[in-house]
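The same chain A turns up in both complexes below, where it pairs with chain B and then with chain C.
Showing the complex of A and B:
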């Protein structure tokens, strides 16, 4: 059994990493829950964002916040464009998975063509900075990512809960024709939401660049974990996505500390299986 | 068998024999290997389609089933010295076990089954890969099979691998063909279009999906076993590569995922295209092209090549179904002898959705041969009651008896087979099945489990009965609302139910159509079927009902003859407000 401080340290790291899962799951959960579109290309977009951050940062010396702003804007436009395609061709839920799966494969090829399959690491002044709290080290960048994830999740939750736009979106997801009969322009709102989801992928991408090592095939390692988070947090629920992410992150960290780091990829899958077996009404 | 049926069979037999002779000819090994690769993809794509194309549960994890096959064969052959051919059934069995386990977990869910299945299969691929590289199965460095003796079935090892690949393709295609022509296939096609309706018509959906995934994953496992001796050095990275998952999907969709021949055609075209495009370090270009192709195919030709061509072909050919000019009236079945039990007996039935009590202690018995009208304001629980009787919803309290036997805990398809059929207020037809097949399905899965020919005859009978015989080869989208409503009715009748539940068959019909519907309902009762019908149209309720039951906010407030209930103070209050009640 590892030492207690060590366990606490890895739990903390896991929670912070889990918040990043939550950030990634946020856009996915919203588009699945409120637009009925399952976006397998979400991770690929996040990774594209990460590569752009790294590339602008190391080659042109542009700091991540400026790149981040650009990415958020550009991705928002991409999200709206993607939604236009889905509306134009009346793409159903399952077909949306196939199309976005193809987008993910396309982007993986693009990343490989532009920046090869080698691992990339974005070294910045804050890469190894951390805050010391008692016996524990809190890595600054991970903490920042977690804070941004929490703020975005809370803000999105409040937006959906309390504003007209949010309520209209939820009504539209429940029953589009009825919502339309009450004068809700679901079409326009869904463009907004789709753009927003892609922008969230961009924000997640900036932090992935700052925290993780990049390789095009990383697209696929995130898929299973983040979709498990989306289901655990319940579709279309921003706070749920954050809580689910933290939960999975913590479980993974514990597995790494107590069992073996190599088994961490199995954690989210096992939790999801257990959930579906014992609480099938959850979904 | 007609020439039309025999010709394709002869064509495939000759093609198979010709391909079998290839290794004996003096053809460069390169071409033999290429053909093997084509067979490999034909088998994988075809096996994918048996579940994902037919039933619409898209698997993004075929690499996992394939990979399990690869590693089962590799491990058994290298570490335990098992003769290679013996590893094939084990590889198939293990892959099928994994498939049915995933299916068992996901297929039971009420919502998002399709999406979750797709996601679970993606994750499963990475989980299997992680397990294999973390354990001594390959220990992270791969397994050599170079020393494994390839059985000399057909001259050289290359020839043997070729013949095994050909055999796999033949098995996969024969299975897909057999399934698509069978009860199982019809059930899977119905599941694809509307799973809940399929279950209500008597299709054991859960079991059928498990059967389909077992076949699908089992074949993929066996294909993987053969592949292991072809590559002779297996690694986790290559075995579970994303392309192994992607190609079968692309090939099937491109060729036509609802047709047994579609995936094979797609596999031949796409494998050839890939081979001429790029390989080696530039492989990602090929991947990108395929991904782009997939997007275009889904957006522009979602049915696939084979289905599109077939549809075009059929439009130029006269329809194969011969519409009988006159339907012989079926001898009327006598109303069953006075039974000691009511046909339907609901006792204290309760059902809540969250905080809403949809049904509150509803007790209602329906006598044999009776027509009972079920009325009540919107949201009073009428449709919920029908959904409870047919087993679509589980009740929270009380009991439902059918002919004296308790049915409330039975799955919906068993209830349908006992003899309860329903129609839907808004027609829920199987959109990719012809009008004839829509009606033949309940005949095959309903009370009598008729075989294919008998079910088609039964279906034609009911189509003629409802005046739709001329539309037998059309697809449901080509019908107007009135025809769709009558198709719903024909579909309910074809199951030969003893109890028929009709949900607002009259709504949206004009006067003449309503008169026709009234005659039809009376006639159905004359044939010995007990009827419960939900209706807002009071003219129909009064004209048809022996008794009327009135529901309000989930409670049964009155039961009696139409005249009695229409005078009941509480009923008037509910319908017209307090002022009129006194």
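Showing the complex of A and C:
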């Protein structure tokens, strides 16, 4: 049986990895739950954000936080533009999946054309840095990503729950005609939310650049686990996305620590199936 | 140069020698421009997908070879046309595309794709259409049972037995040979195959396995694996990695402030690993690197310079020729030597010639007398990262001048 330090260290890194899943899931969950658009292009946008962070950082020496600000703004505009296309052509839920899948494939080709298929790594002073807490090592960048994920999830949850705009968005998603009868212009508000979802992909991308090695095909490595996170956390629920991510990250890590790392990929969908079978109230 | 040990006519053997030698000097020599309809050679590579970066290395190499070949007069006086398709790193796509190359594109020859899984898929097509099949990245030789399969690798028929012996011999020659080993391996067929062989071979030498971990392709969280490696604290870490997985593991170990005292990487991406400061002292396999004596040889020098130039133009972060590139180059050399010697485009004639002859390639003399048409013996060498540069360190006689294996 592995000893306590090994288990605690694995659990810690699993929770932090799970928070990144949650950060990636945040925009996807909101888009799917409140706009009824399944945006597979979300992963490609996150990786585009990662490449831009790496590129501006390594070629022009621009720190990731400045690049992050630019990415958030630019992606917000992109998100609104994409939503205009969806509205203009009345794209339905299933069709949105196909269209955004195509966007992801196109972006993958674009990334490869611009930066080749070779691996890219954004080396910074924090790449291997850790905070030592007793016998445990807390990776600095993963901790920062987890904190940002938590702040964004909490802020988005509060925005949706306590503000007029948030309530209107939820009402529109629940029953658009009735919401419209109460004077809610769901169409206008949905532009705001779509922009926000794309901006969240950009934020996730900044941290992916700092934490992971980049290659165009990396777009697809996140799809399965993040979809499981979105469903476990409930569609349109920002806190659920974070909790779902942390749950899967922790379960994967404990599997790797106690059994064999090769079993980890089974975890996300096993957890999803188990939760769907037993259906706790929050799923 | 080519060598014969059978009843092949002196003329055909001399033709093979002349052809291979002509190509060997192709970077330097100029010959009459080739004419006539092109000889078409088809191949798929992983130009996109998870093996995309390695596919690019093979693509650059093939393009260099074909350009040099055509500059040197082509093949049998005819130009050579390279038909390259992208298999997206997927064996099923590779199989379909090889069908297309043979039946629709009607290429004269095919060369194997990148990676064991894709090679196995393509080999089935070659077997069905009775095409000679030369490949240069098959990690599990005993699966290559097709009679007209020929391996360009120099790792012999049983690398799962011979490589660990080479590795153990190298570290046994140091002041403190390892007594414990931690094996961390991808579940990719060839990596797993080699991991199993390494565990057995090292245990036979009295080295205790203190951890044997396997992970899936696309593993995202390296923290728990790093925690287990650190916990095992082995004298020697053997990593059956593909691409940048070795980097990812080392970075996770770095976050735990742990560095393995000795560490080996099976199929790493040479560039990214070389650029990672944590990888200092890493050991890997080599047949060719951008260091002497490889890049000062008559063939290796021009090839390395041209490769570096094209790799830099393509935007590769580590624009240096390495074993991957050299193996691809050797595959082409074998094909050209056989065509030149037999003066034939018949697959059967080429297969029979290769069956009984050897070819001097960029990675050494290649005969196919090993089982499944592999090399007679394992001639792999070991390289080590010293000062962010790959240098050959084993065996001693092949070491890069001024370097030796560094070990605690």
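Note that the second predicted complex is superposed on the first by the 278 of 283 C-alpha atoms of A that agree within 3 Å, B and C clash if a C-alpha of one lies under 4 Å from a C-alpha of the other, contacts with A are read in each partner's own complex, and residues count from 1 in each chain.
The rule is simple: contacts are C-beta pairs under 8 Å (C-beta built on N, C-alpha and C of every residue); 3 or more make two chains touch, one makes a residue touch a chain.
None of the values given here were measured: they were computed from a predicted structure.
With chain A as the common reference for superposition, the partners chain B and chain C occupy clashing space. Of the two partner chains placed by the overlay, only chain B lies in contact with A:273; chain C stays clear of it. When the two structures are aligned on the shared chain, A:194 is found in touch with neither chain B nor chain C.
Residue contacts after overlaying the shared chain place A:39 against neither chain B nor chain C.
Of the two partner chains placed by superposition, A:67 touches none, neither chain B nor chain C. When the two complexes are overlaid on their common chain A, residue A:29 makes contact with neither chain B nor chain C. Of the two partner chains placed by superposition, chain B and chain C are both touched by A:108.
After overlaying the two complexes on the shared chain, residue contacts for A:89 are found with chain B alone; chain C is out of touch.
By the touch criterion stated above, A:262 is placed in contact with chain B and with chain C alike.
Within the superposed three-chain model, A:17 lies in touch with chain C and out of touch with chain B [touch as defined at top].
The clash between chain B and chain C in the overlaid arrangement falls on one stretch of those listed (133-141, 439-447 or 475-483), that is 133-141. Residue overlap on chain A between its contacts with chain B in one complex and with chain C in the other: 108-109, 112, 221, 260, 262, 265.
On the side of chain A, the complex with chain C involves touching residues 2-3, 5-6, 9-10, 12-14, 16-17, 108-109, 112, 115-121, 123, 127-130, 132, 137, 139, 212-213, 215-217, 221-222, 225, 249, 252-254, 256-257, 260-262, 264-265. By the touch criterion given at the top, residues 56, 58, 60, 105-106, 108-112, 114-116, 118-120, 122-124, 126-127, 130-131, 133-134, 242, 246, 249, 253, 284-285, 287-288, 290-292, 294-295, 298-299, 302 of chain B touch chain A in their complex.
Within the complex formed with chain A, the chain C residues making contact are 47-50, 52-53, 55-56, 89, 187, 213-216, 218-221, 223-228, 231, 243-244, 247-248, 251-252, 254-257, 269, 271-272, 275-276, 278, 314-317. Listed in rising order, the residues of chain A touching chain B in the complex are 32, 38, 40, 85, 89, 91, 93-95, 97-99, 101-103, 105-106, 108-110, 112-113, 220-221, 223-224, 227-228, 231, 235, 260, 262-263, 265-266, 268-269, 272-273, 276-277, 280-281, 283.
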